[in-house]
Amino acid sequence: MQMHQAKRVEIIIEAPMEGRLTAALIDAGVTGFTILPVLGGSGRSGLWSREGQVGRSGMVAVICIVRPERVEGLLDAAFRVVERHMGVVCVTDCQVLRAERF
Amino acid sequence: MQMHQAKRVEIIIEAPMEGRLTAALIDAGVTGFTILPVLGGSGRSGLWSREGQVGRSGMVAVICIVRPERVEGLLDAAFRVVERHMGVVCVTDCQVLRAERF
Amino acid sequence: MQMHQAKRVEIIIEAPMEGRLTAALIDAGVTGFTILPVLGGSGRSGLWSREGQVGRSGMVAVICIVRPERVEGLLDAAFRVVERHMGVVCVTDCQVLRAERF
Amino acid sequence: MDGILALAADNLISPIILSFALGLFAALARSDLSVPEAVAKGLSIYLLFAIGFKGGASVARHGADATLLTSLVAGVALSFLLPFVAFALLRLMTRLSATDAAAVAAHYGSISIVTFVAASSVLAARGIGSEGYMVAVAAAMEAPAILSALWLVARAGGRREEDGELMREVLLNGSIVLLVGAFGIGLLTGEEGFRRIASFIDAPFQGVLCLFLLDMGLVAGRGLRGARGVLSAGAFGFGLVMPLAGASAGLAAALALGLSPGGVMLLMTLAASSSYIAVPAAMRVALPDANPSIYLTLSLGVTFPFNLTLGIPIYLALAQAATGG
Amino acid sequence: MDGILALAADNLISPIILSFALGLFAALARSDLSVPEAVAKGLSIYLLFAIGFKGGASVARHGADATLLTSLVAGVALSFLLPFVAFALLRLMTRLSATDAAAVAAHYGSISIVTFVAASSVLAARGIGSEGYMVAVAAAMEAPAILSALWLVARAGGRREEDGELMREVLLNGSIVLLVGAFGIGLLTGEEGFRRIASFIDAPFQGVLCLFLLDMGLVAGRGLRGARGVLSAGAFGFGLVMPLAGASAGLAAALALGLSPGGVMLLMTLAASSSYIAVPAAMRVALPDANPSIYLTLSLGVTFPFNLTLGIPIYLALAQAATGG
Amino acid sequence: MDGILALAADNLISPIILSFALGLFAALARSDLSVPEAVAKGLSIYLLFAIGFKGGASVARHGADATLLTSLVAGVALSFLLPFVAFALLRLMTRLSATDAAAVAAHYGSISIVTFVAASSVLAARGIGSEGYMVAVAAAMEAPAILSALWLVARAGGRREEDGELMREVLLNGSIVLLVGAFGIGLLTGEEGFRRIASFIDAPFQGVLCLFLLDMGLVAGRGLRGARGVLSAGAFGFGLVMPLAGASAGLAAALALGLSPGGVMLLMTLAASSSYIAVPAAMRVALPDANPSIYLTLSLGVTFPFNLTLGIPIYLALAQAATGG
């Protein structure tokens, strides 16, 4: 199976910022991403849990798989949104099938 | 802590194909996997979101951790299912505890 | 963008053990983690699915991103909790922005 | 004509339609109003259970007759045949590929249970009776259209996935099983069973339908927003013409069957409506190359609102005129 | 005997049982019908709140008597003792390991609140009264069995996790807190509180129970499908014999307490039923080596349906015969 | 004074308050009782829809008058001005940074719809009427306070994000759209619409409110548990003083408007209550450096329970005394 080098960027960010982050990604030409729900977590601002919340609270995880040469642009765009907010940005090397998709 | 090399395969696939993918994995001898819900995303077929949907729509993320020598068989099996469908297959190197489980 | 080496530890564990795991992590000085819901999966104890369950059943995925030097302590702590239970521990190399957070 | 307009106006300011409009507005205005997926699914389970049960209990009350069987056969036949009508119209009115056209056609041969429920509510509000077994006819019409669509693609030389599982999946689709199952429960437990759970399945029904239609409006609005430019004028026109064509076929069949005015209107509505649950999932499996934006936008964004607002009053007026009821 | 059969037949065609059967059928036929986890949890919160509140309001209405306390003590004792009976039977009838047998035994000492709710519904439908505080007895019976099981494992030399947290977790389990809390609210607000929310907790109760049992049928069916081959014939037999043994113990205790016929039947049902919420989670923590397929399949797939269909009518008939009520 | 105490005592043992207390207790005792996020959101959709619809239907019934408009203007003015009061009090009573103080102030200028709903329930239980359009006033008061807070931060030299999207997001916030939309639906469909869905939005209302407050208690309790040490005594005091200050401003405005006793009490409650949905999300976007633990704990953990238990009876007594009603 022919595999291609790529980068997997995982951004954990506050739910109210989700729309701004995805808009920034699309502006930066990153049109492929997947959003996972988050149940709870802990960080410098303490423990939290999603249960019973009604507002647009909590965090989401945004996963983008991109060609290595696009990762820098993506991180710039993401960083501008995430900068002053809670959350985590983490990049891993990965390999993908069907490189034409990325 | 004794760690062992393994591969982490992440497949993002349309929910109606989930059953076919896991059946193909099991046929290929991959009996360990975990399925995560997906809230929304964007790709070549545009943005989508899970909210308010009632049908078996949307995507799921399937994560399989396997020994390196099994990854080829897994990808063959997965590819036959995913081939003509939306979705993403991404492989990362990883290390696991308790190798006997994989 | 300045990136820093880190480790991404993913622990898939039974939901009734979640509280014990996060307590052990915090005891071991790991105060950053994110918990993702899991829909279903398969392993040595067979297939399972979350749908319709009412109890605290099923699994969750706990993701911790830590500096490389802290991974050993984290794994020791996690292993003591996970040891006799179902579940998977998987470590990947990754790079993070904002190293001061980890 | 005046009757239709009055009826339509009356229909338009019902809480049900206004809830749908509210959802549509909220989505188009990009409000973050949303109904969680689990809640939407919970509401649909309630509606399917209630409508199925009420149908079964009504058959238990009034007894079944030979028309039940002929109606089921007519429903299956309509579901098989309407995709061919839809496919021909699409080929005429749009430039969609054979695969896309077949996928759309499958949706229009099948049915929308929420449109059916809304039509039943209009009948109930006007005190017009109907055959309880129309619920079973609705269930019988969900699946056949899918076979027709696959046949259309195969004939057009389109490659299609061999998949023995597919028909089992469609026939045992959750909404069919629940609808038919609840019908059976209503039939078996009859008047006595109905009495026991009436304050659950009858009293709050209209209100739950409001919330569900609020969500349908949100989903339809999000779809329309995302699909700007996806639909040509021809495709849009198809979304308005096809329900009328379907309703006409339904009318002819219903008159041949000798249904009551309410029953005629319900069969017209079923034929006019298009699927948005079972068929989209089946198309993702069987025709992955068909573009989901097209069929979802047409079905949910054009035909569903049309039926809800103008279609249902038209079908009722026609049914009453044709049966003299 | 005839009475039991008629009662059982009558029970079998109630909407509640048929909803369970529908779920079971759908799961065994591999339909994709499913109730979202959040909705299932929402329904269970409703049921626990309603049954607890009604129990408390009923005690407020009729006043509490000394039997309340003796009944609580009897419930706790039954929950402590039944695991020993279950363990002995399992050692006799199956070849399960000591750990697996103890884990199963814990489930049968504890209770299933849904079985209790279904039994209450049968009483309500027949106009038979019962002690309102049986709800509190149900809550008191959830946890003690877990201690017995841990003691059984320790005695058998099985290694077990030291875990001071566990008992706190079990005693403050969500379902116990909600049941007891709602009981307390009903008790405090009494008739006046009941009147205020009756149209929420009383009128739709039976219908909600139907949907919940639909889901229980789905879960039980999926469990049975996944667990093919897990249960030996002996284990299966245990799943039918143990509820009868439990019910007999419950009958003896209830007669000694001097409960009303309805109360006798409810205590029998509690003793006969087996847990599927609190105990499985506790076993995953305390006895991780025990195989969950075994205890879940036995409890949800065998004993729960047995109690729901045949058990409850039997217990009612016996309770009436024994009390002459 | 005696009246207030009796009223408070009566209020305290209502099912609604006790449900909140149960949730609070469960969370503080670290029970795993929890309401799934989707269910909580579903309950809040129901409450917003029902309260909005009832308000609109009531205006349709009684007709609107000039006071509607002046009340809306007064509401907007209160929402704009109260943050300045809150900010000044915070600067006096606490050592919070300007950013934290402004973020807290935004919450207290805005409103809590659940507190409003609870106040309406108390009125309904006592048979005291009120202006139906107070629901629209509630919606109008959600957003303006956010602007005041941003202005306060800017003046204090605090850096703040330029974000044109923010006001659109806040004004089209799901809860505002649903409340205003349902109000409009009630207004348009009037008596006839209300009759159709009354058994959904009226009968079970109190019961649903109980479950929702159970969840609010859980969330508040978890917040309090997590935020131990976050609040200084001064901040805690602010959480009790500020609602009284808000209620006084509301009382003055309401008397000037010439509202009915029920209406006076509702406007006092709105002014006294603090947001926990729209404003927290807006603050995360606009003032990310403000500490969410502080404003969430104050709003949900201190002021919300205070209003629910003591505040509402006080406001009712004062409103009745001031209007002689």
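Residue numbering begins at 1 within each chain, and the chains themselves are lettered A, B, C, D, E and F in the order written.
Just so we're on the same page, contacts are C-beta pairs under 8 Å (C-beta built on N, C-alpha and C of every residue); 3 or more make two chains touch, one makes a residue touch a chain.
Bear in mind that the values here come from a model prediction, so they are computed numbers and not experimental data.
Asker: Spell out the chains that contact chain B while also contacting chain C.
Answerer: In this structure, the chains that contact chain C and also chain B are A.
Asker: For the sequence-identical pair chain A and chain B, determine the rotation angle of the Cα superposition and round it to the nearest 5 degrees.
Answerer: 120
Asker: If I average the CA coordinates per chain, which chain comes out farthest from chain D?
Answerer: C
Asker: Give the label of the chain whose average Cα location is farthest from that of chain A.
Answerer: The most distant chain relative to chain A turns out to be E.
Asker: With chain centres taken as the means of their Cα atoms, state the distance from chain D to chain E in Å.
Answerer: 41
Asker: Averaged over CA atoms, how far is the centre of chain A from the centre of chain C? Could you give it in whole Å?
Answerer: So the centre of chain A lies 18 Å away from the centre of chain C.
Asker: Of all the residues in chain E, which ones touch at least 2 other chains?
Answerer: Each of 32, 34-39, 41-42, 203-204 in chain E touches at least two other chains.
Asker: Residues of chain A touching 2+ other chains?
Answerer: Residue numbers touching two or more other chains: 36-37, 47, 56, 92-93.
Asker: Can you give me every chain pair that touches, using the contact definition above?
Answerer: Those chain pairs satisfying the definition are A-B, A-C, A-F, B-C, B-D, C-E, D-E, D-F, E-F.
Asker: Residues of chain F touching chain A in their complex?
Answerer: The touching residues are 34-37, 40-41, 44, 161, 165, 215, 218-219, 222, 226, 276-278, 280-282, 284-285, 288-289, 291-293.
Asker: Going by the contact rule at the top, pick out the chain D residues touching chain F in the complex.
Answerer: Result: residues 13-15, 18-19, 22, 25-26, 29-39, 42, 125, 203-208, 210-211, 214 of chain D touch chain F.
Asker: What residues of chain A sit close enough to touch chain C in their complex?
Answerer: Touch residues, chain A against chain C: 10, 12, 36-44, 47, 59, 61, 72, 75-76, 79, 82, 88-93.
Asker: If we count contacts the way the header does, which residues on chain B are in touch with chain D in the complex?
Answerer: Against chain D, the touching part of chain B is residues 14-17, 20, 45-57, 84-86.
Asker: Would you mind writing out the residues of chain C in touch with chain A in their complex?
Answerer: It is residues 1, 3, 6, 8, 22, 26, 31-37, 60, 65, 92-98, 101 of chain C that touch chain A.
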